[in-house]
């Protein structure tokens, strides 16, 4: 139903896209799509514990290191990456930044959008990121904000898996088979030196979702990523 | 991911499949699939008000009339139809009937299943029908009930739209474009002489879901049917 | 919108109607309505602890005592009372008993129905009672079960307050001012000798709901009863 | 329980009140009430697609056109209308605007309030509008913000039907019979030239809610409007 | 599992901690803990109706009176108390105030936190207070905001009982026996001269929760306080 | 608050207790408690795929094999085990079996109970097992079913983790540290020859819950089991 070959990923911090959507990104990049990751912050204050333990560390150096890591991960996955540098813990999004994100929607006209869960009691930047990603999408659908420019259609939005899914009122509604690009996702993990403790955690997540994908189909799937939908699926197929 | 070209519809009463799934049935029949409707009852006591107003009406005659109507509707839609004649208002399902339904699953090996919503405060036969449809599916997946026979895989189950959707804790998660078979669905409506008051109601339902399908996509869709999923969708595609 | 002046209360055990709906019963009785309480059981096994502590007590004697208590309470409240004697802990309802209840619906044609909450992890007889009360209502609305007899309309169903409301997924949607009949409700409490520990508990419930009724209106209400609705309210008034 | 004959409608954009509450407004206006609509914005950027397609269109002209349309619609329905001109897509509400709305509450002392659903993934201005409408009501109930002035009581708040109800976690709890004023509501629709595609959509909504209102009562109702309650209903009547 | 003997209570207005957490505060103070109450506002505009009825009252005097009352109540309960004076009806929290609260977390390193429910349609300051209390906790867990300082661990957060619990989507998950400190809680109530109407209301709440605590255990508990958990309980004990 | 040193586990099929509660069982057994597992069925038809693939297999032999496996696993974990042999796929529970289970409650007077989740769309025996486990507990609390015998108190009920937790509306509310008995749990896994595919799956579950337990506390926990509570926790401790 769509012809755009762009996908958009809105990530609160600079590594979220790796753990949560690295498979989808690599899969679509491999199919020839342009996948663009927008990082609202670098996770410089809240998700860089290991860097802060180095003597003499400064906010600027953390941000540089995190940016470099994220760029390498995006490269491995085959994605474009942009940084809005809005700060974290807490993330705060001005209307100016919101419009900037709406401009990106109009520019890319993505066929689908990946972003965070609606709730996360462990991390308030995540729900804010999804709120902003969805509000920018709505603004890009309107005629008034940029008169004359073509407006955005209605790309589906998929919410990626949070760290503790049941605590976030998040439910897997889509299980995406990422087996063929698993190696790239794992390789991207290993570039995230600041969060080494997550490598095995998210490898196990991919394996569990793989078992579940097999149980919910007649296929044999080893690695999967799970998503929740915001909007109903429009389709011509039930099988 | 599947090769079977069978679809199964489990309908509490003999007309439910027309209003709620007539589009999906006609669509897949037209694509060459074998669509099988199993009616657990004729709706003879609870959904045949017009027939009961005829003088001298008997339960047997109501059942015959309802069966004939349903057979003609199935024919228009291009479906096979079977009647388990379990009674209605209240529907009661013995384990024997449950195993009979499990046998049908094993026989047809459907690639998808359509049945009722999980709740319906207006009609307790509907939630029972979906319970039975799902329990039979689970039994058909097990090795013990019919040793040696191949077991069922994991066909997705779609719950069709109840009469008052918000009161049934039912949410549209899939909007199926039925525009190309709308004429057949409407033609099947008009065979349901006993429930003429529903023709316009369900025509409006199809139009509203069509508008919504358009709003949730970049397509122009005139008629749609809405479904809720029981299980997560396993897929290789996000767009 | 209705002309019947009958109200029906379906109570799992013989005292439930006192604590949970005594105010509504007395209020409507005082307005000249016929209020009929149907007790599915006497609560003889599960809600008669004090009686069972008497030496030599038998099931029959408990039932007699509970019946007598309930009759006196109904009299104080101004209600008719009937006992189906289906047993408790666990309550079990045959289809025969279900049809008997449907007959009562057709006989009384109540303008509203009061019964238990949909869930209660402390008491499984309560959810079963509400299930049966609602299924019988649906059967009485159908033409087939009693051909020729006029069918029931659509009386609203109100679910009364369970003992630990938040644990039962029950929410007060209607706060009924029972101040003018409070004395009768309290008098009925005091006839329930077997459950003296509940007198003060349910007096406090009535006071709390009274404060809340005042907070949700511009009136000064001292005692109230709370109900949840099963169906949407059909009305011509918003104020 | 109340004596004020004022009703307040808080509408995010200048046409929302027509589709969603036009029946209630006309009904109460016809009964001699003063119905006041407060439009937080004109919907100038997000809900005026047709106007923006005209060559040389400017924001000011869109706002003028939308204001004129809304004034005519209010006149047809019999309502007063005020515009706060806070902008849309995104709507943003300063504390100053919030206090202005609280002043309106104190001025009108409405007996009931109509506003948007709590959630709407398609339109973030709607949930913000209901948040503001509810927060202003709470402020108007407090003694400190305007010492010496009488405070507001506790007018019930009704949430009107969103465009895709099930996606908004909105449930019809009140079905208001608007048959006698349907012609006015439809006439107001037809003044909304910029949104012609909604005329038939919301006519069908009114018909569906009418059928449902009939099914939930013993009355024959042709057109209805549906609302969800925020607060419990305080009442002396169950039938 | 913890060694800190500090507990933190975040209260939107200066009296909330008394009604809602007075028992927990007194209990832990009696056990030798340092309990610190942080009042975000004095409730000077929204919860001081009685004071505002005095002639010539000013905002400053209301704040002084409320502060004095709260200090006396804290003393009776054995708690420390701090006031952030952020204003009420509406409460508004700047990032500066948020960081101030995060500093308090780092300073006290509380072993548990008590604050408001997530929703409250009657009072929008309460959900904001819990949001801020939780966001400050998250910031205090991060390494970047205060490099070099030890970060906070993961103290559990308990949400105290709102005024109308079922309307706030709040569910009692923890019933804390406060019988031994009830006298102090009641004594603190009686210092709240501005809200005398709440004394009996919250005494009844404590009695009802006491009955429920007894019903959910084998103990005899006269007074209890109820809390909802935000996070799963980590434990080595099931009994 | 309790003195009994008995724990009861109600397992639908003969292996469920191993995957889902093996840690809790071993932990309490090691503390000197008597842990009793009641298997309602052997899982002979639905959870013994590997056995059914052996030529000439019969229902009786499957049951024997499954019984032997379960007995060995119970022994490794340090538990008593009983089999009610009620059949599976579908499990059906007569009132006689229900009373038998109530007798076991009265006999053991467990201080806590472990059983299945309330919902499971993949396995209808599980929700039935938890229903029965809870109904038997309620019957054992009543005085009438076994006059003269002491009644059961109110042991808390913990629901163990289903195979696909988010699909079962199940939420981890208790994370139990099982690190010290992990070896026994794993050893019990390896006795379940018929379900070898689950060994790694449930090892990963234990690791993920361990990470989450660490994140929700200040402890370092390697393996954990997650439970949902049915009833509120009654306690004197918040930390």
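We just call them A, B, C, D, E and F in the order they show up, numbering each chain from 1.
The rule we apply is simple: contacts are C-beta pairs under 8 Å (C-beta built on N, C-alpha and C of every residue); 3 or more make two chains touch, one makes a residue touch a chain.
Computed from a predicted structure; not experimentally measured.
Participant: Show me the overlap between the contact partners of chain B and those of chain C.
Facilitator: Chains touching both chain B and chain C: D, F.
Participant: Please identify the chain with the largest separation between its CA centroid and the CA centroid of chain A.
Facilitator: Measuring from the centre of chain A, the most distant chain centre belongs to C.
Participant: Which one of the chains is farthest from chain D, going by Cα centres?
Facilitator: Relative to chain D, the chain whose C-alpha centre sits farthest away is F.
Participant: For the homomeric pair chain A and chain E, should the interface be classed as same or different, according to whether the shared residue numbers exceed half of all numbers used?
Facilitator: Different: when the shared numbers are divided by all numbers used, the fraction is under half.
Participant: Any chance you could check whether C-F or A-B wins on number of contacting C-beta pairs?
Facilitator: A-B
Participant: Starting from the mean Cα coordinates of chain C and chain E, work out the distance between those two points in Å.
Facilitator: Distance between chain centres, rounded to whole Å: 38 Å.
Participant: Show the residues in chain C shared as contacts by 2 or more other chains, in ascending order.
Facilitator: 122, 167, 172, 212, 215, 231-232
Participant: Tell me the shape of the graph of touching chains, choosing from line, ring, star, complete and other.
Facilitator: Drawn as a graph, the chains match no named shape, so other.
Participant: Spell out all pairs of chains that touch, sorted by label.
Facilitator: Touch list across chains, by label: A-B, A-D, A-E, A-F, B-C, B-D, B-F, C-D, C-E, C-F, D-E, E-F.
Participant: Which part of chain A faces chain F closely enough to touch in the complex?
Facilitator: 122, 163-167, 170-172, 200-201, 204-205, 207-208, 211-212, 215
Participant: Okay, in this complex, where on chain F does chain C touch?
Facilitator: Listed in rising order, the residues are 95, 98, 131, 134-135, 138-139, 141-145, 147, 151, 230-232.
Participant: Residue numbers of chain C touching chain D in their complex, please.
Facilitator: 1-2, 7, 24, 27-28, 111-112, 114, 153-156, 158, 172-177, 212-213, 215-219, 221, 224, 226-227, 229, 231-236, 238-239
Participant: Would you mind writing out the residues of chain E in touch with chain D in their complex?
Facilitator: Its residues touching chain D are 44-49, 52-53, 57, 59, 62, 88-90, 92, 121-124, 167.
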